[in-house]
Structure formats: structure tokens, C-alpha cells
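Next, two complexes with chain A in common: one pairs it with chain B, the other with chain C.
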Partner chain A sequence: MSRNTRNSSDQQLPGSVRLHALAFMLGFGCLLLIGWVAFPALLYKNTPQPLSFNHRLHTKIADDGCNSCHFFRKDGRFSGIPGIETCRACHTKVETGGDSETQLIRDYIAKTVEIPWQVYARQPDSVFFSHAAHVRSAELGCETCHGDIGQSAVSRHYEENVMTGYSRDMEESMKMDDCANCHEETKQDGASAQTDRDGCFICHK
Partner chain B sequence: MISGTKAMKTKTKQTYHFGMLIDLDRCNGCGSCMVACMSENNISFRPDETDKQTSITWMRMYRISNRKPFPDTERCFLPMPCMHCEGKESGHSPCVSVCPVTATDYDRNTGIVSQIPSRCFGCRYCMVACPYHARSFNWWDPVWPKGMEQMLNPDVSVRMRGVVEKCSFCYHRYQSARDKAHLQGRPRIEESDYQTSCTEACPTGAITFGDLNNPQHRITQMVNPDRNLSGKPRNPQVFRLLEKLGTNPSVYYHSSKQWVREVSDNHIDDKGRS
Partner chain C sequence: MGLGASAGLTLTPLPWKLLDDISIWTQNWPWVPVPKAGVVSIHDSICTLCPGGCGITARRIDERLVFVAGQENHPLNAGGICPLGLSGPQLLYTPNRVMSPMMKVDGAFQPISWNAAISTLVSHLKELKQQQLPQGLACLAGSGQGTVSALLQRFLTAFGSPNFIPSASIDDAWELLTGQLTGSRFIPGYDLERADTILSFGCDLTEGWGSPIRTMRACSGWKENGAKLVQIQSRLSDTAATADRWIAINPGTEADLALAICRTVAETARGQSHISAIDSGFRHQLQAIIKPGPSLEQAEGITGVDAQVIQQLADDFVGSKRPLALCREGADRSPVASREMLAVLALNAVAGNIDRPGGLHRIKRVPYINWPEIRRDDVAGSGWPGENLAGPLPSPDAFFKTIAEEPDSPVGILLVSDCNPCYDLAASDRIKRGIGKIPLVVSFSEYWNETALAANLILPNHSYLERYQDFPVYAGLTEPRLGLSRPVSKQLFDTRYTGDAILETARQLWGTAGRAFPWKTYEECLKETLSDQWDDLKGRGWINLPRPPITSDNAATISYSVFSNADIETSAGEVHKYPLMILTRSSMRLNNSAVGTSPFMMKSVSDTVLKGKKGVVDVNPQTAEKLNMTEGDMARLITPEAEAAVMIHLDDGTMPDTVVISQGLGHAAFGEYLDGRGVNASRLLQPVLDPLTGQNISRTVRARLMPV
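So, the complex of A and B:
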């Protein structure tokens, strides 16, 4: 009954329908803008890296590719972010003379100061991640988790979620769900008595 | 019960079962194990640590006595970490079976009862369920004296207010041992690769740690566990605390003294009489 009544009144007022549709589309567009542009802009704090690093150039020149700067220590730990001594090993003298290199030598190598990189993939404190297990035993490539950062020519800005304090990269591809999905698919050990999935402390500390 | 049935299905897959044997004949109560544990595991402390209702320790030293008058008085020190109870069926530990959010879990590959504080929401069911008082609750956020936070162990996450914590058998050391094994392409870790902090710290060598499934490991030879009886020790001088509860602990004790062995079960004999 009531639907019929409304329909007939709508037919009598086609102009107001158009107006409603317009208002709806405008509102929809506004909300999309807020959701896609305004909210992320407010949620993520953008900071530039202290230096711009050219991965593409370095991987071509360095003797051992990625391993030249990101390597395993003897005890099985992974040395993720290289220390300033690793940079010094090649940059004792000027190599290219670019802005970044000049800055590197002047501000960091000459003063023996570590570069305060902001780590895109920094995990929360409660996470234990074994590079040895993934890179050596499971033979996964770096790009499986880190994407194509090895191909980048400049360091993009670091985006920090101001609510959680974590990096946006981590939220996008290195969440617990991302780890758990892969572990579920490959069924690593299923040792947990509670869940029959992998034991919690395989990834937690 | 559900976890118990599930657990039985995959019991055969177990590879390690880490356990600890504490020799009470050797322990002189010095407390080195407690200190080593506190610093290894970033355990927070209160301004007044004498208040044992609010202080936290994963390894607690008890002093027991035979309650006989002089000159027959005898005392014994009894260090107690978490017993890493396996339960009757693999994984039906008292604490694990009550946790509503899987913050504590039994790992069938290692026999370790893990505690993930960042997942715990502080209901404290597990503390009630644990017959050994092995668990502590964080009533406050930890505060470190200035400069001391520089000395925290990066391998162990610091706990916050409102969560429960307990001995982990230093499983971060197991993680490190596995890291090394992965790098060297070894499928298994060795006895010396993974030892807990308290084991290394004990000056009298009273603590032995190892894999109870591996007949080569010292602990297995000393305990000689009977797998058909949930790991009950065959060595008559070795015992577990509250054996009759059926919690099936992974921590064993050794004492040559009869009265000490009797205290372990509150002097209750097989017929339930004390």
C-alpha cells in the first residue's frame, strides 16, 4: 500500500527525484573523497628519508647484489639495515658525486654517524621474524614480502599511521593475516594444541 | 576436551619435547637462576620487591623443611619455573585449556607452553587454573630506572599493564637456535644450541635442560621418562610436582631424600591418604 502511494507521488515529482539523485551522487562523491583522500592524509604522517637511496644503481654495481649490504651474521641473525661502516667500505672516495652521496659522505661517513633510516618494514615489538627460515630454508625471494623495493631509484617517503605508530607498508602487506595465510597454505607444522595451526611463538616473542 | 581430541590426532608429529631437570641435592638456594631469568626476560620490578603479592618472577625459589625438631631438622630449596604441563593428552594443560583467546598455547613440536602477552586480555583464568602458581599478572606498566631500558633484551618483548606472563623456557633462545640451524642448513638443533638462561647461570650445575624425546640428551638419560605413562620418570629418585594431578609437567626434580620426594605430592599416597 504505502509503496504504491510513494511511487505514484514520485512520478508526479520527477524534478525532485533528479534533485535527490544529484544530492546522493554529490554526497557519495564527497564521502569517497574523504575516505580515499582526506582520511589517509590525516591518518598517515609523511616524512622523507634522511637520504635518497638508489637501490637499482647499487644492486647493479655491488658485487653480491642485495647480500652486499643486507646479509646474515654467523649466528643466523639477519643484518637488515646496513651500518655506516658498510657504506664506508665503498664510499671512502667520491663515486658519483651526486647530491645524496655528497650528503652521505659529509653528514654521516665523515662524522661516523649512523643514518637514521625509517624502516618501512619495521614490525611491532612482539613479532619474531626469522629471515634465515624464509630466505634460506623456504627459499623465498626478498620481493615476496618487500615488494620491488630493490628496483627503486629513489627512497619514497615513510608513511606512519599516527594512530598505531606503524608503517603503512607493514599494514598493507605485512600484517599478521598475511603471515598466517601463507603459513596456513604451506602448513608449516600445525603444532598448536589450541588451533592446529602453527605454534604462536613461531612468529611471536 | 576439544583441544585434547584434536591434539591426539597429531601427537605422532612431535619432534622435540623440551624439559628441565632440577637436582635438589645440588641446589643451594643462591637464587642465581632467578636473577638470570629476570634480566634475560625483561621482567619488571616494583619499588618494593618484598611484597610478593605484586612482584613478578618466572622462577620462584621455595624453601621446604621436613618439619622435624632439632637436631633432625632438614631444609631443601626448590626452584619452580612454569612446569610446561603437557596434560594427559598432548596439549590439555590446565592453563591452555581455559584461555578464551588462545593467548597461551601448547606447542606439540616442542612441548613448550607459550604465552603471547600481546594477545592476552588479562582475564586471569589461567592463573586460577595453574596448580603451580607459575603465572603472574602485570598490575602496572613496567618502569625502568633511567638508563636501564638500554639493557633490555631485544629478543624478549616487554609486557604491559593488564596481561599475564610466565616462564617461557626462554623460547627466544630456541628461535635463535633455529635461525642458526636454518642458516647452516641443519634440520635439527643440537643440545648445546638451546639452553635456558637459568640453566647456564646455575653455579652448581643443578639444572639440566634438553629434549626428552632424544635419548642422547643428558636429561633423558637421567630422567628415563616412560612415554606410556605420560613421561613419568623411571629413575626412582626423580619426581614431578603434584604428579597425581595428571598435569604431566615437563619439569622434573631429583632428590636422594625421601622426605623431599614426599613433599612434592603433599605426602598423599596412591590411595589419596596423607
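So, the complex of A and C:
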């Protein structure tokens, strides 16, 4: 009897292992899905931009390319996102008849209302970033930080982290570690917290 | 399954990302205010919070001012700024601003419209007129300079009142004295940057003397260039601590030391040759100043400074290439004793540094307000000014003395602009009682300061960051300037230019017939006054004023009897009853003016000055031992004028038998950051009017300390 029982147990063990393995894999797979698919979907809120902006078209047509709208002021400050007056300088009336242009003139230029752009690269309030130091002095191209946005034909949706309020673009390529890595690689001594004792206050005012 | 879930979880970004985001989330609480993002712009102006006239740069996000810094390319401060200047945004947005015209009804202030406020003032003025009492109108102004002050004075003249009483600055006192002394009115401009031996007679050079940032930069320059600074002061101040040599002197005897050095220098061949090179009129007066000065031995007895040290100071001073003696200033550049001022001027003269590089330059004030004289028939029915209630040398202290002496106030309406007499005049409790006797007190203050609280009607001015203001800057500069502050913030509240309030009152009083005030607005008045300089001033913020030549051969008579009064600054308290002497201390961290100290500055005040709400005084350990007191003890500080509870701090840098107290504390206004914190030093002082300038020169008072 005892022998039979022992034999029976020996035969059942592989089944139990299989069950445990199945449960393990199920849990493993579920959490992978949750972690990689559901969590990001829940974490980021997708918002369309108020207008779809065609960078590729504008950089071809505008006299001074990127600098026509994103320029340095006389005192070295960067203009950033252009205001409605910059748009008005070219768009006095509908020329292409496109939806975005019509909307631009009707809803914003005619009413002199600023376009509520969602800024992909907006840094947190605690950060001071100098475009002049990076573009003029270090001669970095826009795409180093902003990617190939200059070649985009439509405006992507803005993805906002619902916990932090930061944009996904900023989180993925413009966090403090990204700054620090670049500064270390390029040996910018004295220009970041990682390389200089008093470096905190260069970026954090 | 749980094991698998855990394993799966570790291979996803979820836990790490969640941890990171939670940490960021905790840094972004929704209730923490975050300024709105917007377009950054910068705007230059000049700071008018003290007479220094530094350039400032305001940063705005869209229309909102967020920061004030020193203007980088300004010739005076080159990017430097003091804590008060840095507090610009706090002074702009403070809830302590008077946000609309206010009228006191049954002891409580109520907001009223501008029309109602001006009508109230006009009806009271008409009443005075009907009673044939135009001299019942008086005005206390923060200074006698600038167009607002000139408009106020013009308004009083047009009304028929002589009672315009500006708070005199040390520059005004210098003009008066030098006019009498040399026949030509001038203000000293100190060539600090090029001097190589500097004798500072009690000047708080690192705590706001002259144009504060310019002076601090000069002090740094002296260290770099090897110039020698000798600080002559009764206590170990910050300036004394950083000087090359500190000479501890008996309080109030700086003039005696200066005169003793003068006499010693004048006896040398070099001194003689310097004196003989001076213009004849000035030379005659100079000799009359020096002659009654003490000998070395007498000076040792008076000042407590060894005769050999005085001799050495004289030798070093006259033997140096570019010597310069500096005269003390009172709080907010108020005058000090004329005896001390003249002694320091004489010392510079015998050292041969007048109008020389590194020396004392004679600067003549350049008038730029050239309005036509008021004619008697310009304003229908007006009287004509007679004698000022505050006497021939008017001062706010003399004014309140007159008010106190009369059973009924001879003044029916008092206008108060840009000053806070209920706080900063000596014996301020008496001032408050005096102001309470005046039927209508009208304040133009932009802040709820002590005098505004004591007023019946408030017509609030714009903040200094919201307005145009012409601002002549002398402040010991060798190149005086006319500055123009420009609005760097939009107007936040229902306030008006004081100039506009005056013009509107004049219009309502005299209608269009008021030819004395032809301007529609204050900005128009300012623009017309500055005429062809307006564009330069609006663009750059300042222009250099011309330096007219000085001639000094027509000296008037000056009474030298005052020079024998060695203890001019000591008030009447009996020495045996009040064995100690109070010395007041100014600090860059504490502001004594009508604007008050900002919350930001209060955070930087040391606990040896203010401990919680308790005012701290410095006492020498020997004195404390004699009084059986020790560090941290509470005591009653009693003067013939008032008493206050203070905390004792033992300090070896304080002379025995003296008590050092900070100015700028002990307010009864300005909200939680200032109200009731520390002791108002002015409350304890008694006014002492200088016989030559008529201004209060009281910085010390006798006192005693009693255990609580």
C-alpha cells in the first residue's frame, strides 16, 4: 500500500510543477503586460495640440528657417514658443485653406488670443535652462535635445504624466540624468552638479 | 502566481518609474504656488528706496514683475544691490500696501473713491480759507528734492502757507553750512576710489553710507589697492572690524579728535602750505574753526585716544599722497552735528585734498526744476506765505515742538508725503500725540506705516516700481547724477501719483484759473520739467549733472560759539541718574525709512539683534557685571524720554558704560514681520536741534538699565 501510494505521488509531482509553472508564467506575463502596456497607458494622458503645426512646411517657406520663429533676442534670451503676433506677421488671411490655418486665423489671430500650446520640452519650474549657452556657446543643434521635430508634418499628441504633470518627452530625454550624462561625456567642468561643487545653482535657481 | 507576478514586475519599468514619479509628485504638491510661465522680459530703472540711486533691473514674466536685481552696466552699482533693493517684489506685492484711498470713520479706515477722497480734502482746505487761516495748512515731505516735493511746496505757497517742512538730508545741511562758511554752497563729493589713506569718523561704510553699493565697492578696492582705512568709532562695528586700524573713541567726541588732528596738521609746514593755497574767504573761516580746537593733551582727555596716537594719525594723514577724511551720516543720510561736519571739512582742507584726486570735491547742486514763480494773483483769494511754524531753520522736530507747545494745534491740515514721523523722529511717542492734535492728517503713503495709521485720510501713491520719479543723486558722489525711475510693473492697485492728487486738488480748489499748475497730469509736468533731458533719462535712466565751478571768496559770518560745546549730542539726562549712554547702530539688514524692512531682510537679522520679538542690546561684559546682569537677561532700558524691555547681549566690542541698540525695529505697523518686533530706538531718544542747521542730530541719549 505504502509502495503504491509513493508511486502515485511520484506520478502526480510533475503535474503540480506544471501547475505552479503555469501560475508563475501567468503572473509573470500579466505583470509584464501591466508594467509595459497598461501602466504607461494609465500613467500618461494624451491631449491633442490645439492646432496641428507643420514644421517641415514652415522651415521650407520661412525666410530664416527655424530662426524665423525660434530666435535669440538681442540680450541673448531665447524666444521659445512664438506668440500670436509672430504668426500674424505672415498669416494675415487664409492662403492655403487648410483646416489648421483657417482655425489659426479664426480662433486666435482674429481674436488676438495666444495659442495654448502644450510644450513638449517644458522644464520643471525649479530648472533654469539657457539656450544661449547650449546653442551658441556649445554649438549644439536643436535636434540634440528636441529630436527631429523640425521635420514633422503634424503635431503629435502631448503626453502628460498624470502623477508628476511633466511631459513624456521631457521625461524620456531631458531629465537631470540626461543633462548630467552629456555634461560628463563632454567634460563640461564647472557647468553641472556632477562636475563642480557649486554647480547646483547653475541650473536650479 | 505571486512569485511570477513579482518576477514579472521586476522586469517592467513599473516599480522604478512609480518610485521616481512618487518622489517628483511629492515635490509638486498642488497647494504649492508655481508662478505662471510666460514671456520673460527685463526692464531697467533706478532704485529710489534710499538716496543712493543705484540702477536696478526688473525681470517680468509677461506683465508680472518677479525679480529685481542690480543693473549690470550702471556706473554706480555695476550689478550690485543691497538687501532692501533686492526686496523689490516683496515691497510691491506686500499686503501692507494701501490699495485704495482710505478714510478714517469712527476710528476705523474705510475704502473710498478718489473723487470722494479729493473732495474731502478740498472741502477742508476751503474751510481753512474761509476762516482766513491759510497758514493752518502744513506739509511734511521726505525730502526737499524732486518734482513731487516741489509740487507740494508750490501748492502750499499758492494756498498761502509757508509751512512746507522737508526732512533735511546731510546734503541740505552741507549746503547750509558751506554757504555760511565759504560763501558758496556745496556738498562734499568723496573720491573714495582714488584715496589712499582714509580717516573715517564713525562712518558705517559697510552698512549703508553714501551710495551704499558704491561705498562697499570702494572698500573692496582699498583692500586690493593697499589703501589704508582707519575707523574712528565708539564700538566695534562691521566697518571697524574690517578696517586696517580701529580707534575706539569716547562717544560723541569725533569732532574733537578731527579738530585736534587739524590743529596738529596745521602746525606742520605742509599743513601751512595747504592752508595758504585755499581761497581767502574759506581760509579765514578755516582758521577760525581750527584755532579753538583742542590740543593733543586736551583731546586725549576728551576723546580717550592717546595723544601719541593722535599725533601718529596726523602724521600719517598729512604724509600720505591722497588722504581723505569722511564724515558720519545719520540714519537715511540725515544730518549730524554741524561741529562734526565742519571739523571733517577742515581736516580735508588742511590736508590739501580739496578738489584733488582722491580728495574731497566741492559739488554744487544743479537746479533743474525751472517753473515760473508763483505770483500772488495766480490763485484767486490766496494769502501769502509768512514765517514757517517750524522756525527759520525748519525741521520736522521743530514743527512738532511747536505743535506740542500750543494747547490747540495751530495746524488744521497736515499733508505727509514720503516720510514716517510717527516712527523715525526722536521721541516718537510725543510725535504720535502731536499728530493726534491735528484735525486732518492726510497721508500719501503707499504703505500702512505708523503715520498712515495715525492719519484721517490716505491718498496712496504708486509703488516705486510702478511710477516715474525724478531722483537727483549726490550722496557723496564726485559725479552727481539725475536719475529717473520708470515703471517696471503694471499698476496693481487703485493708487495715484501724489503729483496727480495735488494737481487734481488744485484744479478743484482754483479751477482752470490755477495758473500755478498748468499741467493736466503729473507725467506731463515731469516731462515738461525735464524737457530735452526726458528722452535720455527715459532711455538710460540717468544723466550726469554738470559741475559748475565753485568760488568761495564771499564768506558770510558764522557763529563759532557752537564749537566750544563739546558734548552737543548728549541730551539733558543727568549723568548720575542715567550712567550709561545709548549708541544707535544702523544696519543694511534693517531699513529705517517710511518703507519699512522687508520680510526677506528680517530673516537675515541676527539673533544678537532680535531674538524672537525681543530687542537685543549690546553691553560690555564689565558693565553687565557691574549691573549684575548676564547674557540673555531681560532688562528695562530707561531714558529720560521713555523705557523699553530689552534682552542683554554681552559684547566685548561695545565700550563700557554704553548700550548699543539697532535702528529699524520696534514698529507698530507693517504687519506680522515687523509689528512689535524689537525696540524702536527713536522712541528712547530726545531731539537735539543743531544750532547752525536746525536739524535734529540726536544719536545718543543717557540711560540706565534696571533688572526686570
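By our rule, the second predicted complex is superposed on the first by the 184 of 205 C-alpha atoms of A that agree within 3 Å, B and C clash if a C-alpha of one lies under 4 Å from a C-alpha of the other, contacts with A are read in each partner's own complex, and residues count from 1 in each chain.
In this text, a residue touches a chain if its C-beta (ideal position, glycine included) is under 8 Å from a C-beta of that chain, and two chains touch if they have at least 3 such contacts.
Please read these numbers as outputs of a predicted model, since none were measured by experiment.
Asks: Going by the contact rule set out at the top, does A:125 touch chain B (first), chain C (second), both, or neither?
Replies: It touches chain B and chain C both.
Asks: With both complexes superposed on chain A, which partner does A:201 reach: first (chain B), second (chain C), both or neither?
Replies: Touch status of A:201: first partner only.
Asks: Can A:75 be said to touch chain B (first), chain C (second), both, or neither?
Replies: In the superposed model, A:75 contacts both chain B and chain C.
Asks: Would you sort A:36 into first (chain B), second (chain C), both or neither based on which partner it touches?
Replies: second
Asks: Looking at the overlay, what does A:166 touch: chain B (first), chain C (second), both, or neither?
Replies: second
Asks: Per the contact definition in the header, classify A:133: touching chain B only (first), chain C only (second), both, or neither.
Replies: In the superposition, A:133 contacts chain B only.
Asks: Mind sorting out which residues of chain A both chain B and chain C touch, each in its own complex?
Replies: 75, 77, 124-126
Asks: Spell out the part of chain A that touches chain B in their complex, as residue ranges.
Replies: 72, 75-77, 124-126, 128, 130, 132-133, 136-137, 189-196, 199-201, 204-205
Asks: Touching chain A in the complex: which residues of chain B?
Replies: 3, 6-7, 10, 13-14, 90-93, 96, 99, 102, 105-110, 112, 114, 116-119, 155-158, 168, 171-172, 174-176, 178-185
Asks: Residues of chain C touching chain A in their complex?
Replies: Its residues touching chain A are 1-9, 11-14, 17-18, 21-22, 24-25, 27-28, 34-35, 37, 39-40, 42.
Asks: Looking at the complex, which residues from chain A come into contact with chain C?
Replies: Interface residues on the chain A side: 23-32, 34-36, 39, 43, 75, 77, 80, 83, 122, 124-126, 161, 163-166.
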